[in-house]
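Chain IDs A, B, C and D follow the sequence of writing; residue 1 opens each chain.
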Amino acid sequence: MLLPTLRQAVLEANLELVRRGLVLYTFGNASGISREEGLVAIKPSGVPYETMSAADIVVTDLNGQVMEGTLRPSSDLATHLEIYSHFPDAGGVAHTHSEFATAWAQARRPIPCFGTTHADYFNGPVPVTADLTPAEIASDYEKNTGVAICRLFDRSGKSHIPAALVAGHAPFCWGSTPADAAHNAVILESVARMACYTVSIAPQAMPLARELHDKHFLRKHGSTAYYGQPQNPK
Amino acid sequence: MLLPTLRQAVLEANLELVRRGLVLYTFGNASGISREEGLVAIKPSGVPYETMSAADIVVTDLNGQVMEGTLRPSSDLATHLEIYSHFPDAGGVAHTHSEFATAWAQARRPIPCFGTTHADYFNGPVPVTADLTPAEIASDYEKNTGVAICRLFDRSGKSHIPAALVAGHAPFCWGSTPADAAHNAVILESVARMACYTVSIAPQAMPLARELHDKHFLRKHGSTAYYGQPQNPK
Amino acid sequence: MLLPTLRQAVLEANLELVRRGLVLYTFGNASGISREEGLVAIKPSGVPYETMSAADIVVTDLNGQVMEGTLRPSSDLATHLEIYSHFPDAGGVAHTHSEFATAWAQARRPIPCFGTTHADYFNGPVPVTADLTPAEIASDYEKNTGVAICRLFDRSGKSHIPAALVAGHAPFCWGSTPADAAHNAVILESVARMACYTVSIAPQAMPLARELHDKHFLRKHGSTAYYGQPQNPK
Amino acid sequence: MLLPTLRQAVLEANLELVRRGLVLYTFGNASGISREEGLVAIKPSGVPYETMSAADIVVTDLNGQVMEGTLRPSSDLATHLEIYSHFPDAGGVAHTHSEFATAWAQARRPIPCFGTTHADYFNGPVPVTADLTPAEIASDYEKNTGVAICRLFDRSGKSHIPAALVAGHAPFCWGSTPADAAHNAVILESVARMACYTVSIAPQAMPLARELHDKHFLRKHGSTAYYGQPQNPK
């Protein structure tokens, strides 16, 4: 995706987070990457969504240097860049403080895969990072947050679980496009909510059997997928 | 109910699920059956509700062969067909991932009949299926899901409890029409929500006494019903 | 309040219950009494709120005999009549299946007075009825429900706690007018919700000290009240 | 801020509390102070928000004597005045019965700082007051409520935690302006909600490490802040 399409897509993804009730005031941010151009487009820091336009979206290079735009980029930019660097198939990143996913992050518990809704999107529990060390907090905090996220995944370059919880903070999600990243953030919140209710109803609830987990993930993903319409890749 | 009335009723039932907040994105699906014509009408797979019209509803025969429509039917079609086959009085089926009913399904706990709201609609606890075996998951998964649901009920052909929870998945509901199935799905979610709060307030809460349960079910159902207006069969 | 003012007030009270999210479909009903005329106006049974008009409100005498209207009165009429008979200062009654108050009723736990919001309206815990006996269920069920409610209160004729939970069923509230009864039903639901969260945060939470409880109740009620404006009795 | 700007700002802050779902009926009130003029503007007691205009806002001196307006000021005025007296940097105060913050107040538990959302706004747990004595309740109750709040903080005159929970009652928040106080009330409710979910998921959840807590608070506050845009002090 090239600018200015990317810029518009990033605006849309940010507004989707608002429409779905995932953000309060200016919390949360979505970005997108143009790998061809070596550019990232991201929400400006602390700007109200109501008045945000595509022109407010900040464009940086892959080191976070601002290339276009007069506003400061989101303070979480360095975390986004780290995720893009780790996952070559990520085209968008979304970060929110959506309340149930954040509660799991605060509880420092991975979200178990209790059901097929989870399995449709995340091929395993949604993991939670280790706590950052005081040194990692003191310097390059946002970059180190990204490093802690990426450490949870192997170097395969595939995002079978396009989400992670940052301990004591909140979720980050990614996807093939900014819209896909925002979509995954919405699903994650629903999955987090249902998992919270599940442990409330049955504190010892067991995760889904591996066979069923795979069945559902593969119904929606990969060459044997049969969910949706043929022209619809998802 | 004959086509095209059925087709319109199925569209309406799907939209009712959205209006009542039971579905997220394209999750969930409702269908209806014309037993006279041997046809089932069902939501297409993975199509957004906002733009869906009666023409998008897929019509199949009782073996799931598409008879009308250019879109793929819901991937859960085979489960619907199994329910129609088991319950001769079912005219509609609704499947959602509504969050509280899904939480009970994920917890693998039947929803106890804690109160008269439940008893008004479901003449007993809402049961949860056994886990499918790896073989049942590997082949004919959706049909086997339907078989697991029907195994919970006897062969009386009467639906005194027009709902079941699929373990680790979500609820399926049915009713005399597509609208009635969707209505039952809405009630089930409210009942599931109240049951979750009830066990949170009193983990050892006891189900309703049998006499009161029967009283409420029979206030609304059968020849001695006295709820609603005479011209209103429900 | 005389007909037809009463009829309109009863319609309004029923609609307020809908607006505040206390009722699902046709659940719930509000009524009002004209003690001068010996008449009660109540919602018809099982009629949708969207199309209800003042003309649909059913008028009965104090024995439940229909005096005006062509529809059946709410099946809970006999419970309302019993409440009017017990509390001479009750001018309206509201019954809902609002989800948190119902959860307490299902849990068979009185709602403790945990805070001043509760104390502002209910001068003590909101009590829960004893279970009805099989004989009380078998005959005159709705009247016996009212008797069970009134048994919770003494014969003083004053409604310092204008609400009760029917075990395994749902709340009934009352007030000086139909609007006041509906208002109390809305407050009760909020109080029930906060009490549920309170026991979730602190299972051993203690009720409010008696002094603070009285202080708040008397800030709003009686001759020493100083909340609100002088011309506003509440 | 001078009258009549203050009056308008107080109206706006009160309406923001309504828009964000923090108040039911007439519960809750926001005020603002003009330290230059020695005046406080506050919501009138028990007046519906729907019809409230800037002209209804009551203006008092710092002893609570009404200087402008024909309505009674909020019955919580004396609590507001005590907060203004204690915190020289407070320009606005907001009081609500928002349901999750109130639940923590009712549970008499400080809200632990479980995550960065909390740390962004409150530089420590949100404290809960001691119970008032019967004598403090009997006379000057509202003033003594303010005294109990202020006792939780030292005399530094800085509001690093611009919120407190009154035991068995509800939260009070403050800020540099009426809008800022209302904003903090909205954040507090979200933080209280997430903390409730957190202890539900992990009853033994640990608060955020001090280093991370400071990092987030200082990202948004003080001379080294780098969140938001340079022209935006918050």
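In this text, contacts are C-beta pairs under 8 Å (C-beta built on N, C-alpha and C of every residue); 3 or more make two chains touch, one makes a residue touch a chain.
No experiment lies behind these values; they were computed from the predicted model shown.
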Discussion item. Need the most distant chain from subunit A, centre defined as the mean of C-alpha atoms.
Written reply: C
Practice prompt. Have a look at where subunit C meets subunit D and say same if over half of the interface residue numbers show up on both copies, different if under half do.
Written response: different
Discussion item. Between 0 and 180 degrees and rounded to the nearest 5, what angle rotates subunit A's CA atoms onto those of subunit B?
Written reply: 90
Practice prompt. Round to the nearest whole Å and give the separation of the Cα centres of subunit C and subunit D.
Written response: 33
Item to complete: Calculate how many whole Å lie between the centre of subunit A and the centre of subunit C, each centre taken as the average of the chain's C-alpha atoms.
Response: 46
Worksheet entry | Per-residue overlap in subunit D, given as positions that touch at least 2 other chains | 200
Worksheet item: Among the chains present, which pairs are found to touch?
Response: A-B, A-D, B-C, C-D
Worksheet item: Can you list the subunit D residues touching subunit A in their complex?
Response: 114-117, 183, 186-187, 190, 193-195, 197-198, 200-202, 205-206, 208-209, 211-212, 215, 219, 226-230, 232, 234
Worksheet item: Any idea which subunit C residues touch subunit B in the complex?
Response: 24-27, 44-47, 71-72, 75, 97, 99-100, 102-109, 131-132, 134, 137-138, 141, 168-170, 196, 199-200
